[in-house]
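Chain IDs A, B, C, D, E, F, G, H, I and J follow the sequence of writing; residue 1 opens each chain.
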Amino acid sequence: MQNAVILINVEKGRIRGVAERLADLEGISEVYSTCGRYDLIAIARTRDFESLASLVTERLMSVEGIRDTETLNAMQVHSRHDLDAMFSVGL
Amino acid sequence: MQNAVILINVEKGRIRGVAERLADLEGISEVYSTCGRYDLIAIARTRDFESLASLVTERLMSVEGIRDTETLNAMQVHSRHDLDAMFSVGL
Amino acid sequence: MQNAVILINVEKGRIRGVAERLADLEGISEVYSTCGRYDLIAIARTRDFESLASLVTERLMSVEGIRDTETLNAMQVHSRHDLDAMFSVGL
Amino acid sequence: MQNAVILINVEKGRIRGVAERLADLEGISEVYSTCGRYDLIAIARTRDFESLASLVTERLMSVEGIRDTETLNAMQVHSRHDLDAMFSVGL
Amino acid sequence: MQNAVILINVEKGRIRGVAERLADLEGISEVYSTCGRYDLIAIARTRDFESLASLVTERLMSVEGIRDTETLNAMQVHSRHDLDAMFSVGL
Amino acid sequence: MQNAVILINVEKGRIRGVAERLADLEGISEVYSTCGRYDLIAIARTRDFESLASLVTERLMSVEGIRDTETLNAMQVHSRHDLDAMFSVGL
Amino acid sequence: MQNAVILINVEKGRIRGVAERLADLEGISEVYSTCGRYDLIAIARTRDFESLASLVTERLMSVEGIRDTETLNAMQVHSRHDLDAMFSVGL
Amino acid sequence: MQNAVILINVEKGRIRGVAERLADLEGISEVYSTCGRYDLIAIARTRDFESLASLVTERLMSVEGIRDTETLNAMQVHSRHDLDAMFSVGL
Amino acid sequence: MQNAVILINVEKGRIRGVAERLADLEGISEVYSTCGRYDLIAIARTRDFESLASLVTERLMSVEGIRDTETLNAMQVHSRHDLDAMFSVGL
Amino acid sequence: MQNAVILINVEKGRIRGVAERLADLEGISEVYSTCGRYDLIAIARTRDFESLASLVTERLMSVEGIRDTETLNAMQVHSRHDLDAMFSVGL
C-alpha cells in the first residue's frame, strides 16, 4: 500500500463541501478539517505508486473548490497497526 | 476519538530513530517519513481532547532528536471507514 | 468550554464592519482589531468541540469581507480566572 | 483596559512550564497552549498602555524558556461582554 | 502622544500619489517612500489611542491605491527630542 | 537631511537597554519599541548620505544586544512639517 | 553541455498536460511531476549557455498553463555517468 | 554617482521585452535576466539621489509588464574600477 | 526506476566536497551545484521505492557537511529518452 | 564575459570588512553595501562560466565573516554600455 499526506487549502466557505467530495474519492481514506495553516488534510492509501500518481495529478483536481494542494508521499510507515489489512476493505 | 496530524522535523540523521520512538507512543497510530518540507508526519488518535493535549504538550517532547513540531487538530473527520472501531484495538 | 484563537485578515477597508459582525456570532466572545500581521483576532469560547467545528468551518465564513482565517484551537488553558463561569453568561 | 494578544514560541519541552509561569504574571489573564504555528497564546489585559509596555518589554522576558514573542496590541475591542468589569477582579 | 509606524505597499505606479494623500491625513506626520520590502512607511502621531485606532482602521483605508498596510504601535518612545512639543504644532 | 527607517530585532530581554543605547547615537532621532514583527524601529536623520552609511554599517553595530537590522532608506519625504528645521537642533 | 533544474508550478488541474508539452521542448530532457512544494521539475540540458537562456526566457513561457518558474543553473556537475554522451542523442 | 540594485519580477512571458525597455531608461546602466528568485536585476547609476528617487518611484513603473520591484540603494561602493568615470559616458 | 530530486543546502565552504561525496553514493546519478536558493541539487535514480527510502532517510545523512535536505519524489516522469536504460548501467 | 549578481549576508558588525575583502577578489568587479534584506550585493564578471563556478563555490567562501550567499547568474545582459570592454581592464 502506498500512503501520502495531502495538505489542502480551499476557496472561502467551501471547507465542508470539498471535504465530503474528497472523502468519496477512491484512494482517499480520510479527510480531516484541521486547525492551523491548512484547511484540510487528506490521507491517501492506494494500491501502488501509479494509482497514487493518477489520484494526485488528475482525479484530485476534478474536485471543485480546491485552491492549492501539496502532496507529501510517505517513504516509510511506522505503525503498530496493520494498516494494509485495515484499509484494504475500503480500497 | 480525537485525531490530530503532527508535522515534525528532526535533527540531522535521526529520521528513522525518531519515527520508531514516536510510533511506540500511546496515542500515535502511524508515523510517516515523508518527502517534502517535513521529515515526519504522525497521526494521533486519542480517546479525548485531554489525552491529545497531554500527548502533544508533554509526552511527544520526551522523544530525543525532535527539532520542531506543529500539531494540527482535526475538527471534523470525513471517512467511509469506521476509524473509531478500526483503531480502538490499538488504543 | 472549548477555546480557540482565530487569526483573521479582511478585505481592504472592512476591518470595523467585519469585527462587529463577528462579535455578534454565537460562540465568539471577543474580537480585537490588532496591530501587526493580522487585522483581527477573535476569541471563540464554545460549549464543546462540535460547536467550535461548526462555528469555524461554516458560520464564520458567512461573514462578508473576510479574506483569510487561521484557527488555533486551545489544547489547554491556564488562568487564575474561572473563564467557564465568566463567559457562560453570554454563551 | 488595554488588551493585547501575545504569540509565543518556547524552547523544546517547556510548553506547560512556561504557560504556568506566564499565567501567574500580573496583567496576563489567560494563556492558551494552541495547535498550529505558535506554542502558546497569552491574552494581556492591563490597566493602561504603560502597564502593557512594561509587561511586554520587561516582565514577560523574565520567564525562562521563552524563545520568541510577538505582541499584537488591540486597537479596538468588540464584545457583547463587559470585559472591563469581568476581568477587573483579577487585575 | 501615541506613535505608530505604518508599513505600506501600494498598487503599481501609485507610490507618489498615495504618499501625498497620506501626508495630508490628520494624524500622519511624515510619509517616506523607502527602498526595500515596503513601498511607503508612514509615521502616525495622534493625541491618544482612540484617534490612532480610528486613523488606522478607517481613515487610512479611504486612500485609493493602497494594497496592504501593517501598523506597528509604539509601546515606548526613546528620544533626546521633545517629540510631543515638536509635533503638537501640526496635530 | 537624509532619513532612514531601521527595523531591529534584539536578543531576548534586551529591548529597553538597546533602545536607550540607540537613542543616544548621533544621527538616530527616535527609537520606538513596537508591537508586531520587529522589536524596535529607529528613525535615522543624518546630515547626508555618507553619515547615514557610516551610522548604519558601523556605529549601529557597536551596540550590544542587536540581533538583526534592516535599513530602509527614505528616497522621498512627504510631510506638512519642516522636518529639517525641527530636527536640526539635535543633529 | 549546460544543465539547469527548473522548478515549476502550474495552473490547477494542468499538471499532466504541461508536463507533456514541456517534455517535447528541445533542450528539456526530463520532466518530473513531484510531491512537495513544486508541481513539476524539469531538467534542461542544452548545447550552450545561449540555448539555455533562450529556452528559459522565451520558449518555456509559450507553454500554456504554467503559473510560475524558477530556473537554477548548474554551475558544476558531478556524476559517474557521461551525461554529455548519454543525452547528446536526444539534443 | 548614486547606485542601486533593483530586483524585478515580470508578468509571464515578458522577460525579454521588459529587459529591453528597462535598459533604454536613462539611469539604468545594465539589466540582467537572472536565474533564481528574481526574473530581472537592473543596476541603476544616477547623478544623485533625487534622480534615483524619480527613476524608481515614477519612470520605472511606466514600463508595461513589470509585476513587482524592490529597490536596494547602495550606501557604499567598493570597487577597484572607477565606476564614476566608466559609466559617466552613458549617463 | 524510482526518481527523486533532492534539494540540499550545505555548511559554509563545503559545496564541492559534499557534491563529490554525494555523487559517489549508490543511487545518486548526478549532483548539480546550482545558483539560487539551494546549494546543490541531486538526482536520485533507484531500483525501487525501498531503495530510495533507505538512501534518503539513512545513507544521504552520513555525508558530512550537509545542513538541510528536502526530497521531492517523482510521481511521474515524462521524457523522450529511455532513462531506465540509460542509467541502468550505473545502478 | 559571464556576469552574476551575488546576494550576501554577513556576520554582525562585519559589513565593511567583508565588502573590502570581496572587492579584492579576482572576478568581483563591484561590491555594494545595500539597504534592505541583504547586507551586500556583489557583481561578478568573469571570463567564462568555469571561472564563475570556481569563484562562487570556492574562493568566495574563503572570505571570513560571510554568513549566507545566493548567486544569481545572468543568462542575458541588456545594456547600452559595452560592459565587456569596460571591465576587461580589471579582469
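Just so it is clear, a residue touches a chain if its C-beta (ideal position, glycine included) is under 8 Å from a C-beta of that chain, and two chains touch if they have at least 3 such contacts.
Only a predicted model underlies this, so the values are computations on that prediction, with no experimental measurement involved.
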Legend entry - Chains contacting each of chain A and chain I, listed by label: B, G
Legend entry - Intersection of the contact lists for chain F and chain J: E, H
Legend entry - From the options F-J, A-I or G-J, the pair that copies E-H, where over half of the contact pairs coincide: F-J
Legend entry - Rotation, 0 to 180 degrees and nearest 5, that superposes chain A on copy chain E via CA atoms: 145
Inset, instruction - With chain centres defined as mean CA positions, report which chain is farthest from chain J. - result: C
Inset, instruction - Give, as an integer number of Å, the spacing between the C-alpha centres of chain E and chain C. - result: 28
Legend entry - Interchain centroid distance [CA atoms averaged], chain F/chain G, Å: 46
Legend entry - Inter-chain centre distance, chain A versus chain D - centres from mean C-alpha coordinates, in Å: 37
Inset, instruction - Averaged over CA atoms, how far is the centre of chain C from the centre of chain J? Could you give it in whole Å? - result: 50
Legend entry - Numbers and ranges of chain J residues touching at least 2 other chains: 4, 16, 33, 35-37, 53, 56-57, 70-73, 75-76
Legend entry - Touching pairs - complete list by chain label: A-B, A-C, A-D, A-G, A-I, B-C, B-D, B-G, B-I, C-D, C-E, C-F, D-E, D-F, E-F, E-H, E-J, F-H, F-J, G-H, G-I, G-J, H-I, H-J, I-J
Inset, instruction - Could you please specify the touching residues of chain H with respect to chain E in the complex? - result: 4, 53, 56-58, 61-62, 66-67, 70-73
Inset, instruction - Provide the residue numbers of chain A that touch chain C in the complex, in ascending order. - result: 12-13, 15-16, 33, 35-37
Legend entry - For the chain B and chain C complex, residues of the former touching the latter: 2, 49, 52-53, 56-57, 71, 73, 75-76
Inset, instruction - Spell out the residues on chain A that touch chain B in their complex, using ranges where they run on. - result: 3-5, 16, 19-20, 22-24, 29-38, 41, 43, 70-81, 83, 86-87, 89-90
Legend entry - chain H-facing residues of chain I, complex: 35-37
